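Chain lettering (A, B, C, D, E and F) follows the sequence in which the chains are written, and residue indices restart at 1 in each chain.
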Amino acid sequence: MSANVSITRRATFAAAHILCRDDWSDEKNREVFGACTTDHGHNYVIEVTVGGVLDPDTGMVVNLKHVDAVLRREFVDAVDHRHLNRDVEFLRGVIPTAENVAMAAFHRLEPHFKPARLMKVRVVETENNAAEVTAE
Amino acid sequence: MSANVSITRRATFAAAHILCRDDWSDEKNREVFGACTTDHGHNYVIEVTVGGVLDPDTGMVVNLKHVDAVLRREFVDAVDHRHLNRDVEFLRGVIPTAENVAMAAFHRLEPHFKPARLMKVRVVETENNAAEVTAE
Amino acid sequence: MSANVSITRRATFAAAHILCRDDWSDEKNREVFGACTTDHGHNYVIEVTVGGVLDPDTGMVVNLKHVDAVLRREFVDAVDHRHLNRDVEFLRGVIPTAENVAMAAFHRLEPHFKPARLMKVRVVETENNAAEVTAE
Amino acid sequence: MSANVSITRRATFAAAHILCRDDWSDEKNREVFGACTTDHGHNYVIEVTVGGVLDPDTGMVVNLKHVDAVLRREFVDAVDHRHLNRDVEFLRGVIPTAENVAMAAFHRLEPHFKPARLMKVRVVETENNAAEVTAE
Amino acid sequence: MSANVSITRRATFAAAHILCRDDWSDEKNREVFGACTTDHGHNYVIEVTVGGVLDPDTGMVVNLKHVDAVLRREFVDAVDHRHLNRDVEFLRGVIPTAENVAMAAFHRLEPHFKPARLMKVRVVETENNAAEVTAE
Amino acid sequence: MSANVSITRRATFAAAHILCRDDWSDEKNREVFGACTTDHGHNYVIEVTVGGVLDPDTGMVVNLKHVDAVLRREFVDAVDHRHLNRDVEFLRGVIPTAENVAMAAFHRLEPHFKPARLMKVRVVETENNAAEVTAE
């Protein structure tokens, strides 16, 4: 019997966003993005899952202090108390859906946990929807 | 032994806001409103508590369908997927703190439950803070 | 400066119920009770708040083991995995709304905590509604 | 580095059920189904996970409005405020455990998200148990 | 119509404790404190409610930054990642029940919010029990 | 189309622990384990996921009563209201991180569900971190 171990760290951020394309008509925007075509916001939750080998000296896959520092530096500090469409460098040019926010987070965080591995990023937008990006 | 009965109804809305006064310097705004001086947003929760006499025919203090209809018509429809500083008539001229949002909700909802009575409005802004307005 | 102390204990039960009066037409039942006029059920939560004097020997207002025993014996055992309209002696003849369930619980539990005092019974029916009965 | 994206949508429904086989003795039913052999009910949560390719125009794997519409039409409208043993066509002849409810939901929802793909259906029955069906 | 306003701030801390009196026999300790007579611990939640007059300039009853600072300095820093029986000056000589922890927090926090007023301290010990201290 | 089914059972326990190595200096312990180098505790949640074939007679992958009994006998009874470093036989000699607690639980529970299979053990230590062990 063999088993895989991972840890998951959760953080929160409050941000405004709008789902809307300038190159589409109001009707098309409404049809695709519904009520989200006006400025609004969310208390987002991000959960980061890192897998790897259990270090027998520390009992850890990766140090949570390191995960916290990376998560804050690479992602949360850039999006917390911000407008996702206007204020965030790495979201420029994309519609800030939960999927795109999770994808951006995954790509920014992914290089920083070696030899452990970023397995999953989950972005919870409301109590009723979330997006998940998993490593292949 | 005598007892009071009330029911509480919960609804959610997603809104953007900013805490900032134009007539204050950036320093003063930062000092008072901290990170909230830039556009951001929340998944708000509003909980409305209505007390009164238990109707023996229905087993209700007030019909939840009525509470829902009032809550939606008088409050949620006006703030959901909106920017609280710019888009909401009844919040014009006030700083949209949780306290002021709860106060506005209380005053808008209060006339509509008679002979039952609006006892409390609670507005939850994040998992770490909430404002409550109670009838005297 | 003086202060009041209370403790709150939470328990859960799963029950079926229906909101419907035999002496009313289908239309009237639908109008008043909406979707609840057919058999359905809930994971109920009951929260019991008991206030009183802090015993300096134990640091307790009332022993939680006693609260648990009373709550189970007088209420939860009678309603858990039951149909509230058909199987519960002390709910016979009342519409099992959250208000009436909370009222019945309050009256059954109230005599059993002296010299401490039952301050409040809260019955949560869904994540969106709850009833509360408080001592006058 | 490559990654998979999915979104998860949550809905709730309140239903009654009973776990019991007519062709078994009371003893056997009690032994297997425990307290569930009498009518009771739950606030169920269903979470539907759909994976696929991120549409660069919309930033979506699949439109949540479409997921909502399918989830409501194919599943929630048929089970909400119903007795799962008696009122639901597609549960006839099966014991309505969380596993069977999740399996039925999976099979009913699965054809409706193409070219995206239904990855998972999770049915939460109480705060202590849930069933999950995942695509192979 | 007049109304009262308050805000509630939430913080968490992780602590160990034991409920046991040296001057009692093992039997008596077991009888009164049950399973709590051995070292264990909790993720505590503390919720602090402060009421007062809404400042029209800020829309606040009291600045949450001030509440945070007081809560941290006067209480959370002293109990977080501590053993409540051994490491906390202001809990010496009392049994660290939820009631006593809430009472100690109330007395330590109470002087620091004037002209606003500390209305309530709630200490949640587990998902099933909490203690509450309210101003008279 | 084919699908996999699993059920997840949740239990809670309250325990104390300390993360600290006697063979390391205080500085090294602080650097690695941060605030956890002093006695503290948590309300742990353990979620156990068991997968397998749906029994058509019972509608179950595995009987939850069996999962409960195993979970209690093999794990929860040994850790609830205990100090994880001192009182738990099967954690001797390991640092009781969430990862190690989950790993120990996985190995103890794994033999007891055949022909069903233990797929996952998740141990939630605080609202912000959890460890997960999955079968390969």
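Going forward, a residue touches a chain if its C-beta (ideal position, glycine included) is under 8 Å from a C-beta of that chain, and two chains touch if they have at least 3 such contacts.
Only a predicted model underlies this, so the values are computations on that prediction, with no experimental measurement involved.
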item	value
Shared chain contacts [chain B and chain D, defined touch]	A, C
For chain B and chain E, chains touching each	C
Counterpart interface for E-F, drawn from C-D, B-E or A-D and sharing over half of its contact pairs	C-D
Separation of chain A from chain F, taking each centre as the mean of its C-alpha atoms, in whole Å	27
Whole-Å separation of chain centres (CA-atom averages), chain B against chain F	41
Overlap residues in chain C, where contacts from two or more other chains coincide	127
Every chain pair in contact, whichever chains are involved	A-B, A-D, A-F, B-C, B-E, C-D, C-E, D-F, E-F
List of chain F residues in touch with chain D within their complex	1-11, 49, 54, 57-61, 63-65
Complex contacts: residues of chain E adjacent to chain F	12, 14-17, 35-36, 38-43, 80-83, 86-87, 126-127
Of all residues in chain E, those that touch chain C in their complex	19, 21, 32-34, 94-100, 102-103, 106-107, 110, 127-136
